[in-house]
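Both of the next two complexes hold subunit A, though its partner changes from subunit B to subunit C.
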Partner chain A sequence: MAEIQFSGVEKDILQELMNIGFGQAAADLAQVIDLSIELSVPDIQLFKASELREHIGTEADSDQEFSLVEQYFLGKFKGIALLVFPAKAGKKLVSLFGLQDQSNKPSQHLELLEKEVMMEVGNILIGACVGKITELLNDVVIYSPPRVMIQDVRNSALPRNLFDPSSMAISMKTVFHFEQQEISGQLFLIANQESITWLKSALHAFMEQYQ
Partner chain B sequence: MITLLIVDDSPIARQILKKCLPKESAFSIIEAADGQEALDKYRQYHPEITFMDMTMPVMDGFQAIAEIKQVDPQAIIIAATADVQKKARQRIIELGALMQLAKPVSPKAVRDALAKAEQALREQL
Partner chain C sequence: MIFSQISDMINMGLVVLDKDLKVHFWNRWMAQHSGIDSEKIVGQSLFDFFPNLNEPKFLRNCRSVFAFGNFAFFSQKLHRYLFPLRPSYSDKEPFDYMQQSCTMGPIRDEDKSVRFIFLSVSDVTEVVKYEEQLLEMNRKDALTGIFNRRFFTQKLQEEFIRGRRHNRPLSLIMIDVDHFKQVNDNHGHQVGDEALKALSTRLLDRIRKTDILSRYGGEEFACLLPETNGPSALRLAEDLRRIVAEENWVCRGVSLQMTISIGIAEGHPEMADGEALLKKADDALYEAKAGRNRAILYD
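And now, the complex of A and B:
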């Protein structure tokens, strides 16, 4: 099956929708932690899902570890959302949630706390972002519960054949600048060819109202 | 004819805004893709009303509003942004913007914003 290409205009529309989606996501997260979040200009890329590991690798910090929140979404647009943070982001997020007073607890407890915070942050960001984009495209999605993984890039548990060979990944990279901390994050939306075909058509339908 | 400056790094967002302008009114439209270009074009064209995105490369909308307000304290600026956080909204108003529109903008929101901006223009006379 031929690989689907996005035109420049389609990428621009998608970028604007993801920008709006991330704006909503930041607002939802800011409400939870009661801090304002400054967003950087998002960078969007599209590539084959089989190349995902290489793209995640470029976002990891020097110790090659990162935290990954995975959540499935299902609607006319369906796929997997992966939110990737450098591993150190977990501790920063725990601190932003005002949970640093737990630091005298055993490290196992801290790890669990980090996972719970990552899961909550992932749920908020993915839900708001994917939800807003699909709402603008007249779709409704449901979500699986989020799952958190701490990965090693070199021995990643993400096998190359995890996705349908025709699946594409949409990557959106942004930096969340909190009042006290800077945390970079990258959102990947993985969708199969059928879903990407629907997305392209929905992007055009969205813009038709402004023609 | 009212001169509008539309500032957004996204050509799609600029197109959406232009299409939401009331059809019965005539506007002279100038566009800019970042805050610095907006500042340069503001100095050059002195638009009556500016629509300003906030998250942009080179110079963001927050700085651009502050700089334009230094050039012209009476500048009428409407923020059109995806950043819908409460604190961002407060900051935008503190910088002197007239109001804020959440993206994606709608024809009704743009019409209402223009009515408010035109009222502010009349009050300046």
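And now, the complex of A and C:
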């Protein structure tokens, strides 16, 4: 497949759009989850879909264990969202969100609660970030249920049904931080090549509103 | 017309809520399973009918779907259900309420802003029942109904780590039925199987609920004794040995005498892992087997 070029201007527009989108996401998240959350200035990169491992491996601090929440988003903007928490964050999140067990199964209790809270937080964070960006670009997406995995992030690969290994992918990364409890993690929104083509025209349409 | 028929014919619950979380739509499935008619609930607050949903997580996810237009997923794993509805097949159900997998999502108006949220409710009771059966099979020995070796090995590691972390005693006993091969050879495997079942039941009667008794091999049993030191474990083992030896076993009309040999070991912080504790008990069992009908504590 042909290399997709993303001009400097296009990258600037996307950067700006993401600043707006993530800014709104952070503000609304404070209302929704009743906690203040900080989202860093997003970092945009294009890379080959087969090189996800290298991409995330260099991005994520690689010597610790991670919990990974993944979720597909499907619209004109299409791809996968990956939320990377340090494995230890689960317990902190459980207390932060004050979750109660309803299952009466003590043996599976904490592990299940941690998974559950990571899925819920992941689902909301991903929904906020993807939702705001697609809203600005006038798209509507649907989502798959989130999945949580405790593993070495570098072993993950992009799903072939969405990402042809030879195609390009675009990654938008932000670092999030819950201020009350020292919990930080990284969120990657990775869209496939088809979306990049659409994204370019949507970005131009977005700019036209201001011209 | 078609869509309103679909929503009333579909085999799942559909609920639409407005921004104040009042019910805007309630399909026939919901009416049938809850016993609350659409006319009665539409326009009313959902929480007037289902106060259990007025809790932080549900509210948080409603806010999220209205704010971001995302989906929220309420899996059966933790929640078991959102709506306390009777199970479809109410006799002999292991659950008080229908197990549900629910999804919440946005309904938008022409300018794409989220005006309503929907909730879809799927009955997953049968799937959960099947899953629990599989989990049970994965933990239990098919013949005796006590735990199997796989589950025991897993618990051994967990209890070993827990005991060491909290500095609590932990003992393990290994039990072997003496000359069991002769029971099978003289009376057939069916009698042998009956004998193993009866023996398991008797052992189970004597130990505590928190002890973990498993069938470790053919006629070998292993029992994990949390919060128990070596001498106490030895006393228990002596008791078990005596109970088995004094019993007149009758299996399928055949009178049997059985004795057991027992090896006991207590965990120590310097042991590498649960396997090391098992090895010590096994060594003690080997020694006990030399004389039969004995219980020996490893020292």
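In the analysis below, the second predicted complex is superposed on the first by the 156 of 211 C-alpha atoms of A that agree within 3 Å, B and C clash if a C-alpha of one lies under 4 Å from a C-alpha of the other, contacts with A are read in each partner's own complex, and residues count from 1 in each chain.
As a convention for this text, contacts are C-beta pairs under 8 Å (C-beta built on N, C-alpha and C of every residue); 3 or more make two chains touch, one makes a residue touch a chain.
Since this is a predicted model, take the numbers as computed values, not measurements.
Enquirer: If we overlay the two complexes on their shared chain A, which of subunit B and subunit C does A:Q211 touch? Say first, second, both or neither.
Expert: In the superposed model, A:Q211 contacts subunit B only, not subunit C.
Enquirer: Give the label of whichever partner, subunit B or subunit C, reaches more residues of subunit A.
Expert: Subunit A has more residues touched by C than by the other partner.
Enquirer: Quick check for you: in the superposed arrangement, does A:M119 touch first (subunit B), second (subunit C), both or neither?
Expert: In the superposition, A:M119 contacts subunit C only.
Enquirer: Looking at A:P146, would you say it contacts subunit B, subunit C, both, or neither? Reply first, second, both or neither.
Expert: second
Enquirer: Return first, second, both or neither, reflecting whether A:G23 touches subunit B, subunit C, both chains, or no partner chain.
Expert: first
Enquirer: Let me test your reading of the model: by the given contact rule, A:L74 touches which partner, first (subunit B), second (subunit C), both or neither?
Expert: Neither subunit B nor subunit C is touched by A:L74.
Enquirer: Check whether A:V32 is in contact with subunit B, with subunit C, with both or with neither, and answer first, second, both or neither.
Expert: In the superposition, A:V32 contacts subunit C only.
Enquirer: Would you tell me the residues on subunit A in contact with subunit B in one complex that are also in contact with subunit C in the other?
Expert: Shared contact residues on subunit A: 31.
Enquirer: So in the complex, which bits of subunit C are touching subunit A?
Expert: My answer: residues 56-57, 60-61, 63-65, 67-73, 75, 77-80, 103, 105, 108, 112.
Enquirer: Name, in rising order, each residue of subunit A that touches subunit B in their complex.
Expert: My answer: residues 9, 12-13, 15-16, 19-20, 22-24, 26-27, 30-31, 36-37, 39-41, 136, 207, 210-211.
Enquirer: In the complex formed with subunit A, which residues of subunit B make contact?
Expert: Of all residues in subunit B, those touching subunit A are 9-13, 15-16, 19-20, 55-57, 81-88, 91, 103-104.
Enquirer: Hey, which residues of subunit A end up touching subunit C in the complex?
Expert: Contacts found on subunit A: 25, 28, 31-34, 97-99, 101-103, 112-113, 116, 119-120, 123-124, 126-128, 130-132, 135, 138, 140, 142-143, 145-146.
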